[in-house]
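Scrolling down, you'll hit the structures one after another.
Note that chain A is present in both complexes that follow, paired respectively with chain B and with chain C.
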Partner chain A sequence: MSLSTAEALTDALREEARRLLAEGTVAVVVGWEAGRFPNQTTPAFISDPEQAQRLVYGDYCVNTLAKYALGEKAAGKVAVCVRGCDSRGINRMIADNQLLRDEVYLLGLPCSGMKDPATGSLLMKCRTCTEHDAVTYDVLLGPATAAGHDGASADSSAGDSEHVSDEQRFTAVLGIEEMAPEKRRALFDAAFNKCIRCYACRKSCPCCTCRECFVDQLRAGWQGKQNNLAENRFYNITRVFHIGDRCIECGECERACPMGLPLMALNRKMVKDLKSLFNADDAGMTEENSAALGRYDLGDLEEFM
Partner chain B sequence: MPVNEAPTASAATAATAATAATAFEPTILAFCCHWCTYSGADLAGLNRMSYPANVRVLRVPCSGRVNPQFVLTALNKGCDGVLVCGCHPGDCHYVSGNYFARRRLMAFKRLLEFTGLEPERFQVRWISGSEAGKFRDTVIEVCDQIRALGPYRSGVSDDVSLNG
Partner chain C sequence: MILRHSSLEGLLSTLSTGARVYVPAKADGVTKFVLYSSSVRPDFSITNTTMPPKDLLFPQTQHMYRYGTDAEGVPYVEPVHDADDVIVFGMRPCDVRSIECMDDVFLTKGFVDVSYQAKRERLLMVAMACTAPAPTCFCNSMGLCPTAAPLADILLRPAGATDASGDTAYLVEAQSEKGQAALAQWESYKATDTSDADFEPVSAAVSCSLKVSMVGVKDKLEAMFDHPIWEQLSKKCITCGTCTFVCPTCHCFDISQENRLSEGTRFRCWDSCMFTAYTEMAGGHNPRASKSARVRQRFMHKLCFFEQRYGKTLCVGCGRCVEKCPVALDITCLIDQIGAADVAY
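The block that comes next holds the complex of A and B.
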């Protein structure tokens, strides 16, 4: 987005946040503030109206904020800045009974894709994003971007990132599917071998909201504490399977992963299969829970006869 | 544990691999639903049908009980293949358990294969209480397939070629 757009949106955001806090409509506003390095931002939690000017919005707001709303809701109503990914995360948490819609106040923001502070190029997760603008909000702080989901205004020349087709979205998955099985095994063994099981992928995921994750159920003993290929594979495959039919494709897990695992290729493998096999909806577009593995159809494809 | 018997890839010459393959007997875990496949297996026994002893039958109340994590755990604990068997769709004792299992395991099978698991190592089959012959044939078929594939290497041991 242009500098003037970013400045105008930042001003509108600060003003709205200040008003909501001063009026007592919300207890806390979740947004972004400047980090320690140039072009770096960090999630901000503002509860004092005087502090609202700390908020910023621009090309480097890389964190998807949805998950942060959960941790703040004990304080009262939470205002959350939402773009496409954040809003779908909020919808997902409502569908999963983690949040009520009126526990949050959604500040809709247009988005033309965020940039990697290290390189200045469009973030990987934004290149394959299908919904740039908030799919749900209480107030919209700026006009929809051209690349948004609103088909009428779609104009591929206007935004920094263009509308993403299914083919683009599933490029990585298709590429891996075409490999020979041994190559796929080698690729994922190498990836799982790198995993340090920091669980940042789980922490950042708006679908991973279990009070007690299977990896922490020591007595059940699902997850061994050893860091070896077998345990790492067990963790990674289980994680994907637990969230695969609810994944909103915000790409936060992959962005958060310090070891560079291809987590979105795994997630999107499930998204793609569930879509083609069971006509699954894209997750988080509404507050309804329509997760494909939580239901069935008598006419489902039969391949186990 | 069979998994420890796997030769390390670096050391394996064609000759030792061939000997290992002929001597190899797979361990296969079969999750069988109490109401259908377990009875089918029982009937196979009553009819004195013979099938490979490589299969270990584990009775579950329903194919819907089979948590995909069971499959991963079985492979990590030394099984070379996993078979999940339940009632035919429409026949589930709990009405819908196998319909959920069907979706879940279809997606799970694809995910495992995506990460490079040979399709034969994880299979699902509907076998009713009267299909003793189908149970026997399925076990023979799966056993032959996995014997041909050789041992499954999960990387649980200190197999340096995997854990490197």
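The block that comes next holds the complex of A and C.
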């Protein structure tokens, strides 16, 4: 987005945050503030209206924020800055009964894709994003960039992240599907071999909201503690199956991964299969639980019974 | 001794005939210390490798012993010895300092960790002075110098001037008896047409651009256990283990076992104080159940508790956690905040 757009949105965000806090509508505002390094931002938690001027918005707000609502809601209503990814995360958590819509106040922000502060290039997760702008909000703080919404772009600089087709979205998956089984095996073995099991993927995921993750159920011992290919494979595959029909494709897991594992290729394989097998909706577009595997209708086919 | 960059490959090949030689390189997209072979391309410009060299002494998973009952039903316990002669070639001064911290933990205060000691005794550290610290490097502030690594057995310092052939030269100095003895193998690779006096090694003027003040930090922290800073700071932490696993000095582990029929293996794995289960006790009580208590523990250990026990900070200023934390929870910002905190000490 242009500098003037970013400045205008930052001003609008600060003003709205200050107002919401001063009026007592919300207890805390979750957004971003400047970090130490050029262009770097870091999640910010503002509860004092006088501190609202710390908030920033622009091209480098790389963190998705939805999951922070869970940690903050005990203090009162939580205002969360939301773009497409953040808002779908909120919807997902509502659908998963982790959050009530009333517990959050959503500050909708237009988004034309975020950039890596170190390189200035569009983040991988934003290159394949299908919903740039918030899909749900209480107030919209700027005109829609609409790059992901039926064509027309309100912001000329949104050109760096045009509407993403299914073909583009599933490029990596299609490439892997075409590989010979041995090559595919080698690709994932190499990836899982370098996994250090820091669990940043799980912790950054708005779908990973289990109070106790299977990994931590030490007495059951599903997940062995050794770091080796077998255990790493088990962890990564279980993770992707568990979030399979709920993944909102925010790409935060892949961004958070310090080892550069192709986690979104795994997630999108699930998304693609669910689409073709069940005509599944994209996750997190509404507050309803539309998960293909995680809910049932009385009218579901039972051919296998 | 002067060593030219073009001689390194030959030297590394020779060294790897008698030891496992690890060099900084990129493997499957991750920079770390990789076992040298003719197919590995060392990259001595990396500052710093994503993964520190600590796993060479303290592997993420280390088998300690096997046990079971043999065919006659007699129980046995069989220790696992897996120490080899290892040369780490191209360690940065901060990574050398991190080994000094690990030595404190695993070898001093009346407790010797035999698994660590076995590997440590067979380790030769060849350090390379930094000429271009990364923007996230802050070792100067932690009492280190980017061009000096006192604990290293051998120190390589890139020499200021490259010669007419355009080949970078390194001034090689042994800093220990072990290093001196090891240099015998290097003799045939040294540059013979020049002498040490012809080269000006990279000077102590090399300095990190990122600076923090550690003045009073430890003393202030002693009075800050209940300070609101921890609650505020920990809000953005997602309690993944990235910072602890990429940290060259984080050394916490957890002992576990796997059993199959009549035999089993006892092993230890890296653990992280960021994980809930880290302090969980058998009865279910967890003294560090809250996120803020865990974040406090990590930084207190780095900047206060370790210094109380061993007289040095457990942070070497390598900047790995600064670079890799997915939410930019930056230890240097914390140090600034502690400095600014109105706490009597």
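The rule is simple: the second predicted complex is superposed on the first by the 282 of 305 C-alpha atoms of A that agree within 3 Å, B and C clash if a C-alpha of one lies under 4 Å from a C-alpha of the other, contacts with A are read in each partner's own complex, and residues count from 1 in each chain.
We take it that a contact is a pair of C-beta atoms (placed from the backbone, for glycine too) under 8 Å apart; a residue touches a chain by one contact, two chains touch by 3 or more.
Keep in mind that what you see is a predicted model, and the values were worked out from it rather than measured.
Using the contact criterion defined above for the overlaid structures, shared-chain residue A:181 touches chain B, although it does not reach chain C.
By the touch criterion defined above, A:228 reaches both chain B and chain C.
By the touch criterion defined above, A:193 lies against chain B and chain C together after alignment on the C-alpha atoms of chain A. Looking at the shared chain after the overlay, A:276 reaches neither chain B nor chain C. By the touch criterion defined above, A:43 reaches chain C but does not reach chain B.
Of the two partner chains, neither chain B nor chain C is touched by A:2.
Residue contacts after overlaying the shared chain place A:293 against chain B, while chain C stays out of touching range. In the superposed pair of complexes, A:302 makes contact with chain B only, with no contact to chain C.
In the superposition on chain A, chain A positions 193, 228 are in contact with chain B in one complex as well as with chain C in the other.
The part of chain A that touches chain C in the complex is made up of residues 35-37, 40-45, 63, 67-68, 71-72, 190-191, 193-194, 196-200, 202-204, 216, 218, 224-228, 255-256, 258-260. Of all residues in chain B, only 68-69, 72-73, 76, 88-89, 96, 99-100, 102-108, 110-118, 124-126, 154-156, 162-164 touch chain A in the complex they form. Put simply, chain C touches chain A in their complex at residues 27-30, 50-51, 60-61, 135-136, 210, 232, 235-236, 238-242, 244-246, 254, 256, 258, 267, 269-270, 272, 275-277, 280, 291, 324, 326-330, 332-333. Partner chain B is touched in their complex by these residues of chain A: 173, 176-177, 181-189, 193, 214, 222, 228-231, 233-234, 237-238, 240-241, 244-245, 266, 269-270, 273-274, 277-278, 292-293, 296-298, 300-305.
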